[in-house]
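Each of the two complexes below includes chain A, the first together with chain B, the second together with chain C.
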Partner chain A sequence: MIDAMIYALPFLWDGFLITLAVSGIVVAASLALGLVFGVILAFGPVWIGLPIRVFADTVRAIPLIVLIFTVYYGLPALQVPLSPFWAAVAALAAFKTGHVIEIVRGAITSIHPGQMEAAKSIGLTFLERLVYVVFPQAVRCFLPPWINSVTDSVKGSALVSLVGVVDLMMAIQQVIGRTYQPMPLYILGAMIYIAVNAALSVASRRLEARFAATVAT
Partner chain B sequence: MTAGRDAAPVLSVRGLIKRFGTTTVLDGVDLDVARGEVLVVIGASGSGKTTLLRCVNALVPYDAGSITLEGTEIGYTAPNSGVRRGDRALARLRADIGMVFQMFNLFPHLTARQNVALGLRVTRGMPRREAEARAEHWLARVGLADKMDNLPSALSGGQQQRVGIARAVAMEPKLLLLDEITSALDPELVGEVLDVVRGLARDGMTMLMVTHEMGFARDAGHRVVFMDAGRIAEEGPPREVLGHPRSERLRRFLRRIELRTE
Partner chain C sequence: MDYHFNFTIVWRHAWRLWWGLGLSLQIAAASLGLGMLIGIALAVAYTDGGRVTRTAIAGYVEFIRNTPLLLLIYLVFYGIPSIGGFAYDATTSFIFTLAFYAGAQLVEVFRAGLDAVPPGVVDAGRAIGLTPYRNLIYVRLPTAFRISLPALSNAYVSLFKDTALGSVIAVPELTHGAQWINFNTFRILEVYALLTPIYLLTGWIILAALRLLERRYAIVRAM
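Up next, the complex of A and B:
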C-alpha cells in the first residue's frame, strides 16, 4: 500500500499544483469581489444593493456542480470562449463571491452605527472610515466564517476534474486507471487535502487569536 | 465672559425643518451661537434636541432651511438646494465641528492615545509623533495622563467620556457639539466629565450642548434654549429661563427634571 502511494506521488505533483492554483485564484478573486460588493450591499442604496442581493442568493442556492456545468457549456454558447480551467475557476469564484458578500455584509452590520458616526465626526472620508474604523473591528466577525469558506474552496476545487481539468483529483484517477489500486490512492488524496486544510486551520487560528487580542470586547 | 464676542455667529441655523416620514421633528428652528458662547439646549425627549445636533454635524439630511458654520453652508451645496455635499467636502466640514456622544462611541480597537490621534493623523495629516504628542497633551488636560495606553474597555464610563471629549477637542474645532454626554454615566461620574466641559468653556470653546444637568446649565451656560415639539419655545439667560419659566410646558418640564435629580 505504501509502495503504491510512493509510486503515485510524482504523478500527482502537477495535479496538486493545479488544485492549489484553482483554490488560490478562487479565494483571491472571491475575496476582492466579495469585499467590494459586500461593502456596497451594506452601505449603498437599495437600487444597487438589490441586484447584488439577488446574485448572492442565486449562486448560493444552486448546487456548485450545476453552476460549473452552466458556465462550462453556457458561456461558449454565448460566444465567450473559455478553456475548461477558466470556466471552472469562474464558476467556483462566482459561487464563493456569493458567500463572501454575505460574510462581509454580516461582519460590517455587526459594528455599532455609532462607530461610523464617531468616525464621521473627526472628519474621516468614507474610505478612511472603512480602513481605520470599520474593517479593523469587522475582521473578527469576518475571519471564522471566511476561513471555513476558504477550506470549502480547496475541497470544492476537486469538482473542476468533472470538466476535464487535471487537478489533484483527476491525477489520482489517472493513476488508478493504470494501477487498478483505488484505495491507496484515495487515501493518499485524502491525506493531501487534509494536510492543506489543516495548515489553513492552524494559520487561521493564529490570525483569529491576533485579532482577538487587539480588540477587546 | 459674554463681552468681547465676535458679532458674526460661529453657527447660524435658519428655518431648519426635519421630518422622519410624516413626523416633523424640527419645525422651523432658528438659532445662532456666538464665538465663545456656551449654548445649552434643554427639552423633553422627542423635542428634537439630539436631531438638531445631528443636523448641525451633517450626520442626517434635513428637509429645509440653512445651517452655516462661519458662513459656509453645511450638508448642502446651498440653502434649500437639496443637493447634498460630496463625501470629501462633508468630511472637511465635519473636521471643524467636534462632537461628543451620549454613548461615547470610542473606537474599541484603539488605545486612548490612538483614539485621540486618529483624526489628527488622518484628517489633519499630522505625522504620527506630532499627533500622538497632541493626543497626550489633551488626555493630560482631561486628567487621563496615566491611561494613555488603555483600551476603552479598560476605562470607566467617566474616563471613556473624557477620552471622547479629548478626541473631539484635539481637532481644534470651531464648534463643539455635546449630546447628553453625561446621561449614560453613573451619577458619581457625572462631575468629573462636567468639570472638563467647564474648563473648556473658560478657555473660550464655542459649545452647543444638549443636557439634562440643570445645575450645570445654570452656572456654566451663557444662554439656554428650551425646545418643545421641534421648535424653540423659550430662550434667554439661564437664570431667567430656568428661574422664571414663562410657559406652562417649561414649568412642567423643569418640575419633572428637579424631581428626578433631587
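Up next, the complex of A and C:
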C-alpha cells in the first residue's frame, strides 16, 4: 500500500500544480467579479440588480458539473474556440462568482445603513465610503463563508478532470490505469486534498483572528 | 452564430431525461434516509460519548468534508471492490457514497439540534421517570428532529444536485441522460438548454414544498 503511494507521488506533481492553478485562478477571478457585482447588487438600482440576482441564483441552483459540461460542449458549438482548461476554469469561476456575490451582499447588508449615511454626511465619495467605512466592517462577516467557499473551490477543481484536464484527480486516474491498484491511490489523493484544505484553514484562522482584532478596537 | 436549434430529435429521446429525473430524486431520497440514520446515530454518540468516540467521529466528518465528492465516488465504486473482493452496481455504490457524504454533514446538523433541546424538557422527562434511553427516544430525538427540519430540506435539495455526479460512473440519472443525448445526437445546446431549467425548476419546487411542510412541523429555534 505504502509502496504504491510512494511510487505514484512523482507522477502526481504536475497534476497537483494544475489543481493549484485552477483553484487559484478561480478564487481570484470569483473574488474580483463577486466583489463588483455584489456591491452593485447591494447599492445599485433594481433594473441592474435583477440580472445579477438571476445569474447568482441560477448558477447556485444547478449542479456544477452541468455548468462545466454546458460551457465545455456548448461554447464550441457556438464556434467559440476554448481549450478544455479554460472552459472548465470559466465554468468554475462563474459558479464561484455566484456564491461570492451572495456572500458580499450579505456582508454589506449586515452593516447598519446609518454607517453609510454618516459617511455621506462628512462628505466622503461613494468609493471612499465603501473603502473606509463599509468594507473594514463587512470583512468580518465576509471572511468565514468566503473561506468555506475557497475550500469548496479546491474540491470543485477535481471536476475539471471530467473534461480531460490533467489535474490531480486525473493524474490519480492515470496512475491507476497503469498499476491497477485503485485503493492506495485514492487514499493518497484524499490525503493530498485534505492537506491542502487543512493548510488553507490554518491560514484562514490567522486571517480571521487578525481582522477580528483590528476591527474590535 | 450558425447554430440551428432543432428540438425534435431531443424530444424523441426526452424520456431519458424524465426517467433520469425520477432516478435522481429517488437516489437523493434514499441517500438522505441512510445519511440521516448515520447522522442521528453519530450525533447521539458524539453528544453522549467519550473523548475517543468524539475524535473518531470528528475524523470521519473532516475526512468527508475536505475530500472532493468525485474522489469519494471513485473510491467507493472502484476502490472498495478492489480490496474487498465484492462488487456492487453503480447505483447502489453511488447511493452509499452520497449517504456517507450526507451523513457527515447531518452529524453536525443533528448535533446542533440535540444541543438546542431545552434542558428543562430533558429534566422534565427525567422527572416523570423516563430512563436515559427512553428520554432519548421519546423526548430528545423528536425535539431535535423538528428543530433540524429546515436543514434537512436544504440537504435534500443539495443531494439532488449532487446526484449529477453519478453520471461519471454511469448511473443513469438526469445528467447521464442528458450526456447520452449529447453524445448520440449532437444536439448539444438543446440538451443543456433543457437540462438547466429542469434542475432549476425541480429544485425550486422541492424547496417550496418542503418549506410548507416545515411551517407545519418545524420548531423555530428562536422561541
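Here, the second predicted complex is superposed on the first by the 216 of 217 C-alpha atoms of A that agree within 3 Å, B and C clash if a C-alpha of one lies under 4 Å from a C-alpha of the other, contacts with A are read in each partner's own complex, and residues count from 1 in each chain.
Operating definition for what follows: contacts are C-beta pairs under 8 Å (C-beta built on N, C-alpha and C of every residue); 3 or more make two chains touch, one makes a residue touch a chain.
What you see is a predicted model; the values in this text were computed from it and never measured.
Asker: Examine A:Met183 and indicate which partner it touches, taking first as chain B and second as chain C; both and neither are also allowed.
Answerer: A:Met183: touches chain C, not chain B.
Asker: Let me test your reading of the model: by the given contact rule, A:Tyr193 touches which partner, first (chain B), second (chain C), both or neither?
Answerer: So A:Tyr193 only meets chain C here.
Asker: Could you tell me if A:Pro136 is touching chain B, chain C, both of them or neither one (first, second, both, neither)?
Answerer: Touch partner of A:Pro136: chain B, not chain C.
Asker: With the two complexes superposed on chain A, say which partner A:Leu207 touches: chain B (first), chain C (second), both, or neither.
Answerer: A:Leu207 sits against neither chain B nor chain C.
Asker: Check the residue A:Leu124 against both partner chains and state whether it touches chain B (first), chain C (second), both, or neither.
Answerer: first
Asker: When the two structures are laid over each other on chain A, which of chain B and chain C touches more residues of chain A?
Answerer: The partner making contact with more of chain A's residues is C.
Asker: Please work out whether A:Ile65 is in contact with chain B alone, chain C alone, both, or neither, and reply first, second, both or neither.
Answerer: The answer is second: A:Ile65 touches chain C but not chain B.
Asker: Per the contact definition, I'd like the list of chain A residues that touch chain B in the complex.
Answerer: 112, 114-115, 117-126, 128, 132-133, 136-137, 214-217
Asker: What part of chain B is in contact with chain A in the complex they form?
Answerer: Its residues touching chain A are 57-59, 87-88, 90-92, 94-99, 101, 103, 105-109, 118-119, 122-123, 151, 153-154, 167-168, 171.
Asker: In the complex formed with chain C, which residues of chain A make contact?
Answerer: 58, 61-63, 65-66, 69-70, 73-74, 77-79, 151, 155-159, 161-162, 169, 172-173, 176, 181-183, 186-187, 189-190, 193-194, 197-198
Asker: Using the touch rule from the top, collect the residues of chain C that touch chain A in their complex.
Answerer: Residue positions touching the partner: 1-3, 62-63, 66-72, 74-75, 78-80, 82-83, 161-165, 167-168, 175, 178-179, 182, 188-189, 192, 195-196, 199-200, 203-204.
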